[in-house]
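Presented sequentially are two complexes of chain A, the first with chain B as partner and the second with chain C.
Up next is the complex of A and B:
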């Protein structure tokens, strides 16, 4: 716990919470701009929001996860603090604290976004509003890919002092996340940001004859969730092992 | 023999087949200020990093504060050790106090330790000024404050006067020199400047090309300094034969002898019809000894 508190103390004046708020606001504004086209009291307005959110998140939240993960690591590169820290803390503790710190920020941003999404649905008076359990399920499906991106970027940010590399990877993952949504699930499974779409429980149907869009809900994709968890665990294991063996 | 704060045995490190530290056996007595001297690239920093466990030795053992250091007990031992390696670690977006607070919490110390450390290094009045606005010298002082926070039993300081102005260098030297008396702290201080080490250390270790070439007390080092008599005469060739001296740079150098022998030599020269122009006593400096050791000429 001390290690996590210290990571947060190091981020003082780094304005990471502002990044959280800004990202959430951007996502919500993007969704709000689209939702204005839905009629007041629409029967599938919430479903359209829950369908759209993962698409937006694949781009914006991926980049957000990369930025905060990079910043959490860069703070110690910038201070040349590793020599000091690793005489007082186990490498594994520092690694875990940084990852937890990123997770906390991701959870904060996604929770805000989910709350904003529910508020938007309520404001528009959509009749298909969802309960707390479904909102929580939505949040979990967004936190998972975000955290995996953060873990991957942390591995890179710890390895290379120049944060251009980690941010470039974040940007590449963001674009890959977006484009993967237009490919088959097999391709989506190859990139962490592809899981925003894979884990989404809302699917869209397009009737080309009637030119009507409808939404339906599918069961939680446990298989893909397990695959993402395995991918995330592998990234963490490999990078934690490398970090604990790093010589300064 | 006093207890050793640091003892290394056959400490070696190779990078890509190149041995940068080769079988170093460092012996730092408890309560000493040990000057670790060597030219740039001699292996001082790598040795210090191996002592702190930041670099894994290719061979050899490290004992710190009487305990053989390994992965399991490393952090417990280092809780009693402060360090400043290569450059000061400081978060530029935080104040000096906030920087020290991070280390204080990691070491589990009371808040009063921060005031004491800041006072000691002369940064007590920096208030809300961010470290990013500090000069290089102030950051170096902060690095030292981090090292001495909580009065550790041992501090390892790598080139601690880097970036300081002459007044700062003087203050830093004084602080380090008095660490054993004022705080009961043993200090291992590396430097490539002999004069600096000479002014603050009582023990000296010289490393060259990764190998320890000499270590002991400064007094012992001074005892190795040769004393010679230098003559200038009107006929150096004959005088050299008469005095058993060697000619060097226009002077005749003979081993130092007592006053009577010097008087006899001058009389002998005059009797032989050789005019004595000048006679001087010459002491080999520690710098000469250092250069002899680091260039492989030995003592």
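Up next is the complex of A and C:
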């Protein structure tokens, strides 16, 4: 707990909460711009929002995860504090505290986004509004991929002092995540940011003859969630082991 | 402009292969775009036009502005480290020359990315079975995108001069790109620097700048570039040295 408080204290004047707010505002603005096309009181407005959100998140939240993860690690690179820090704390503790810090920021941003989505749906008077359980399920499906990206970027941000590398990887993951949504699930499973779409519970049907779009809900993809958890655990294990053996 | 600051910027790039990212991004966009094009041939009209949109839509709207943000962060981050600003401003180079040389290097890196996009577009076209060469208008799209992109580089340099944090300007680049897309749809693209690159590229297949829009496009690019560079020089001269 002390280690986490210490990491948060390092970020006190770094305006990371502003980044969270900005990211959420950007996601909501993007979705609101699309939702204006839906009629007031539309019967599938919320479903269309929940369908669109993973697409937006694959771009924005992936980069957000990379940005905050890089920021959390960069504070110690900037201060050239690694030698001192690792004399006072165990490497595993520092690693875990930084990852927890990123997770807290991700949870904050996704929760705000989910609340914003519910508010948007209520404002437009969509008749298919969903309950708290559905919203919580949506938030969990977005936090998982975001956290995995953060873990991967943290490994890179700790490895290389030049944060251009970690952000370039974040951008590449963002691009690959977005494109993966247009491919088969096999391809999506290879990219951490592809899980935004894989874990989404809303699917779209397009009738080319009638030119009509409809949405339907599918059960929670436990298999893909387990795969993502395994991927995340592997990334954390490998990078934590590497970090604890890092020569300073 | 005296060449010394420009030479110094080029020397800083020598052992920092960040150009790799400027080539890697178009490679990823081209590989996935071509694959997507192949997979959707039943829904798309085969031809260079649709391959172009598949290659460039996401790259130029979202990811290239963010990558430019990362590049500008790197260019400014070098000086933010330690007491480098103090040393740099104690040298006989005026702040505006330092900013101008960073602008030249930033636009050079953008040119690398756009050139890679063009080369990969032609190469992937042949791979997916398109015949001949695409029309010269695609080279014009790239050239005009580069011109519009100069204003993005200038604004991102200003953001990176103001924000010492390396990562946040990358988010600003992405946010600028997304806002650019939304404003372009509303017809206000000329008023937003990040939208200028998208406007010129025809990446959404809705057409590029009309002949009548060329002068306003160039004028707005010049205005954004000059205002942002002047502001950046001011920040460098007054505020950056702490």
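Things to note:
Definition applied: the second predicted complex is superposed on the first by the 248 of 248 C-alpha atoms of A that agree within 3 Å, B and C clash if a C-alpha of one lies under 4 Å from a C-alpha of the other, contacts with A are read in each partner's own complex, and residues count from 1 in each chain.
The working rule: a residue touches a chain if its C-beta (ideal position, glycine included) is under 8 Å from a C-beta of that chain, and two chains touch if they have at least 3 such contacts.
As the structure is a computational prediction, the values presented were derived from the model and not from experiment.
After overlaying the two complexes on the shared chain, residue contacts for A:206 are found with neither chain B nor chain C.
In the overlay built on the shared chain, the residue A:2 is in contact with chain B alone; chain C does not reach it.
Once chain A of one complex is fitted onto chain A of the other, the partner contacts of A:59 are limited to chain C, with no touch recorded for chain B.
By the document's definition of touching, of the two partners only chain C reaches A:178; chain B does not. With both complexes superposed, C is the one of chain B and chain C in contact with more chain A residues.
Look at A:88: by the touch rule set out above, it reaches chain B but stays clear of chain C. Of the two partner chains, chain B is the only one touched by A:247; chain C is not.
Of the two partner chains placed by superposition, chain B and chain C are both touched by A:14.
Residues 14, 78 of chain A are contacted both by chain B in one complex and by chain C in the other. Here chain C touches chain A in the complex through residues 16, 18, 21, 24-25, 28-29, 32-33, 35-36, 39, 58-59, 62-63, 66-67, 70-71, 73-74, 77, 81, 165-168, 170-171, 174-175, 178-179, 182, 185, going by the rule given at the top.
Per the touch definition, chain B reaches chain A in the complex via residues 49, 52-56, 75, 78-79, 81, 83, 85-94, 98, 101-103, 105-107, 130, 146. Residue ranges of chain A in contact with chain B, taken from their complex: 2, 5-6, 9-10, 12-14, 75, 78-90, 247-248. Those residues of chain A that touch chain C in the shared complex are 14-15, 19, 22-23, 26, 29-30, 33, 59-60, 63-64, 66-68, 70-71, 74, 78, 162-164, 167-168, 170-172, 174-176, 178-179, 182-183.
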